[in-house]
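Chain nomenclature is as follows: A, B and C, assigned in order of appearance, with residue numbering initiated at 1 for each chain independently.
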Amino acid sequence: MPSRPGDAIAVRLADIAAALGGELRGDGERVIERIGPLEAATPHTISFLAQPRLKPLLDSTNAGAVIVREDACAPLVARGVAAIVVPDPYLAFARLTRWWAARTRPAAQVGVHPTAYVAPGARLHDTVSVGPFAVVEANAVLAEHVVVGAHAVVGEGADVGAGTQLRPRSTLAQGCRVGARGIIHSGAVIGSDGFGFAPHQGRWEKIEQLGGVWIGDDVEIGANTCVDRGALDDTVIEDGVKLDNLIQIAHNVHIGAHTAMAGCVGVAGSAKIGKHCTFGGAAMILGHLQIADHVHISAASVVMSSILKPGQYSGVFPIDENANWEKNAATLRQLHTLRARLRTLEKKSSP
Amino acid sequence: MPSRPGDAIAVRLADIAAALGGELRGDGERVIERIGPLEAATPHTISFLAQPRLKPLLDSTNAGAVIVREDACAPLVARGVAAIVVPDPYLAFARLTRWWAARTRPAAQVGVHPTAYVAPGARLHDTVSVGPFAVVEANAVLAEHVVVGAHAVVGEGADVGAGTQLRPRSTLAQGCRVGARGIIHSGAVIGSDGFGFAPHQGRWEKIEQLGGVWIGDDVEIGANTCVDRGALDDTVIEDGVKLDNLIQIAHNVHIGAHTAMAGCVGVAGSAKIGKHCTFGGAAMILGHLQIADHVHISAASVVMSSILKPGQYSGVFPIDENANWEKNAATLRQLHTLRARLRTLEKKSSP
Amino acid sequence: MPSRPGDAIAVRLADIAAALGGELRGDGERVIERIGPLEAATPHTISFLAQPRLKPLLDSTNAGAVIVREDACAPLVARGVAAIVVPDPYLAFARLTRWWAARTRPAAQVGVHPTAYVAPGARLHDTVSVGPFAVVEANAVLAEHVVVGAHAVVGEGADVGAGTQLRPRSTLAQGCRVGARGIIHSGAVIGSDGFGFAPHQGRWEKIEQLGGVWIGDDVEIGANTCVDRGALDDTVIEDGVKLDNLIQIAHNVHIGAHTAMAGCVGVAGSAKIGKHCTFGGAAMILGHLQIADHVHISAASVVMSSILKPGQYSGVFPIDENANWEKNAATLRQLHTLRARLRTLEKKSSP
């Protein structure tokens, strides 16, 4: 496999410890060249221990340094492996990846690429970056440090908050709004028409979608994910929401702050979802229902009515060898009848 | 939330009534500034009553005017709220949104944007609009009033009917055809290769997809939806079909007129689907089967064999608290055995 | 339906037989104008018999020629229909479609389209084709005969192997790699960020995705499919893998050689999938699990734990008329209780 730009730096361990605000136990001059898991580490790798059950790996890892909690420090020091002690190693790892990326990835070049098209009347802060063939339509507003990638389209009157990145080939349609520090990944479509039609004599008459999309701060929208504009009011995604790839958010959905959804989730129109919820991949939420804060939906489960109590909810047919599944699935179609037969027997046996 | 262009007009109620062909009961000079639901209406809002169960809202709404049926008119008039009387308020609402959008949204500018690329040999009607960086390849045909959005790609020899809009970043591949008055939303891919391979010694040998895609009039294709080209003949989508976002239509599927599919639906190869069907979100239809006219498939249900009788069909594992689900799912794997045990008991009890 | 370029050629049957390496029984001068199924064939159509159960169609087809196995040859010859005899007619058909496409589809024009943007430092072989508005960033490498379609984006330092096609509007992000003879279809996004966050005080802290995507030779990636870059190491797709449209491959997934996945499949992070597997449409594979070689997952089935034994696996709630489904689904929520009641009865009856 080819080396990537991200592989090609060498940093002092002391600099990493300082950046993370952790306490260094060991040689700060040690050179670190990559971040990696404990099992595949080399002496120039920095690793981390996030799950207590993996603690035994500390006795065998070849890592040059490991980010750990105080209580996991001893076996490393005993073996001469450097440790960076922090209260939450997984969080420190997350921050290290950002520190690392800032050093290894080329910053977006400030300015408008000569091939881009910026319509008259668009308002761009001096610090924005607009990539090759990007389109920024009239009256769009790009705040400081916004990055518009190659082939991204910012529609008429759309509004992009400070530091937000529109990755290559993403689309923010007219009049839609994204807050600060967001990331809209490639292929995402924000503000396409909601799916609204009135039936009339066997045909569908289009309901123009006059609302928009309102997205808060610190929101991430995955590749090829769609967020439709509202019918009359806005579709709303509050601060800190994280959406993975290939998700469908229908018109007038409202997603509460800091809720996260894994890939392939679908949310039907006007569903109102609480804060701090999580949705496993391919979970499906029907329309016009409500989900409370702190609800967790397992992967591939279908929410068909409101859930008003926090907790974990699931609904998936268990997979099995095909022959077994066929027998059980066939029987399932008679389940109601089976219950009736069971009742009959119960009555007989308890006269 | 920021105001959008669509919010910024003021119209006379009499003009709305005339446009809808409804009978006005009340002051035609009243100024209307937005369309909104009954609950959140203000004196400058026009609203509508589509569902009889919401009729009590007419006693409290602050709307300036409401679109209603004759039989719901009285409470409004009694309170001095204007009414527009029509036979089908939801249909009138749909038409009002279109009338409204025509007044608030900038029309596409006729002509080819200077940054677009139109290959020699493409045939464009004088009235078409081609946006920034759009690509129209050789021998493509664009009829009157076609709108090709920014970054849309029209392949070689493709054919677009009068008034159809290809929204920004949509793709119509070579030799494919869309009829009149259609909308292809952003990110949609019409005419990508069908998924066809011949197995050979543990490998897959590609079957080139020599067919195309044939789409009728008044069809809407959602954002990031895919319609694959046929293997030998065309994939066919008849008039009036409405497809939501992130739908997969495989090669040689045939979808009958005025059928509608919600987001995330998948249709496997060569399925033949009737007219006037509806499919809830994430419904999945296997290949080489037939679905009659007027069949309605519930969300997230999987069609594994042909359905020849109109009606509503469902198949979803019910969601439950995770602990309950785990117990029931585990038992489900023994369901066939449970039936056998029930039979044994029944035999014992009826000697 | 309009005729497409692919319809417009006429070839001698003898040339087809020679190209396929098959034995011709009949008139080699016969003119063939299209490939088609047995049922809809005309005297200028060449057809094929892949499934023995369709053999009776040989007695009635109007095809001018049919590709068959030796044992199906007789009825054709008896009726004066030409035959091309091969050991595997379906494979021969696949190869014929490729031979046909090579004759009917315009080859990509070698060279960089004047509207494309190629950054300084990109390395392009003399034989590559780069289409309108395509973007090739610095340090990207395009090997011989690579085709970069209109609006495709090749990120910084990305690597594309010989003969691979990036179809219009596909994206290969920075530092990612595709091998030789691949096809990346329109809208596909290779190398978007994996979905990784550390929870911290009710918020999500981004984990930068420092890995890349490594794709082998002869791989096809469908329209609007997403393959995320790895967190630390690469997401890996081995040789000969075929992915259909709208598939989600999360970070650090590993897919073994010659595995095929139908549309709408989702694979969660770090799943390790074997070689020669197949996945039906909308199958869902949870994260951090392992699937052996030669495992076949039925459509819409959810894999929730590792599968270590080859075979066919299924898990789908059977669809039914809605009223029946409702009764059975309601009963399913009490299934565990039903089993307990059955046990009670069994104890009573066997004292």
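Observations on the model:
Heads up, the rule we're going with is that contacts are C-beta pairs under 8 Å (C-beta built on N, C-alpha and C of every residue); 3 or more make two chains touch, one makes a residue touch a chain.
Treat the numbers as computed from the prediction; the structure is a model and nothing was measured.
If you sketch which chains touch which, every chain touches every other chain without exception.
Taking only C-alpha atoms, you rotate chain B by 120 degrees to land it on chain C; that is to the nearest 5.
In this assembly, the C-alpha centroid of chain A lies 26 Å from the C-alpha centroid of chain C. Along chain A, residues 133, 151, 169, 187, 224, 246, 264, 282, 316-318, 320, 330, 332, 334-335, 338, 342, 345, 349 each make contact with two or more other chains. Across the interface of their complex, chain B is touched by residues 117, 133, 135, 151, 153, 155-157, 159, 169, 171, 173-175, 177, 187, 189, 192-193, 195-198, 200, 202-212, 214, 224, 226, 228, 231-234, 246, 248, 250, 264, 266, 268, 282, 284, 286, 297-298, 301-304, 311-318, 320, 324, 327-328, 330-332, 334-335, 338, 341-342, 345, 348-349 of chain A. Interface of chain C with chain B (complex): residues 1-2, 4-6, 34-37, 40, 88, 90-91, 93-95, 97-98, 100-101, 104-106, 113, 115, 131-133, 150-151, 167-169, 183, 185-187, 218, 220, 222-224, 240, 242, 244-246, 258, 260, 262-264, 276, 280-282, 299-300, 316-322, 325-326, 329-330, 332-336, 338-339, 342, 345-346, 349.
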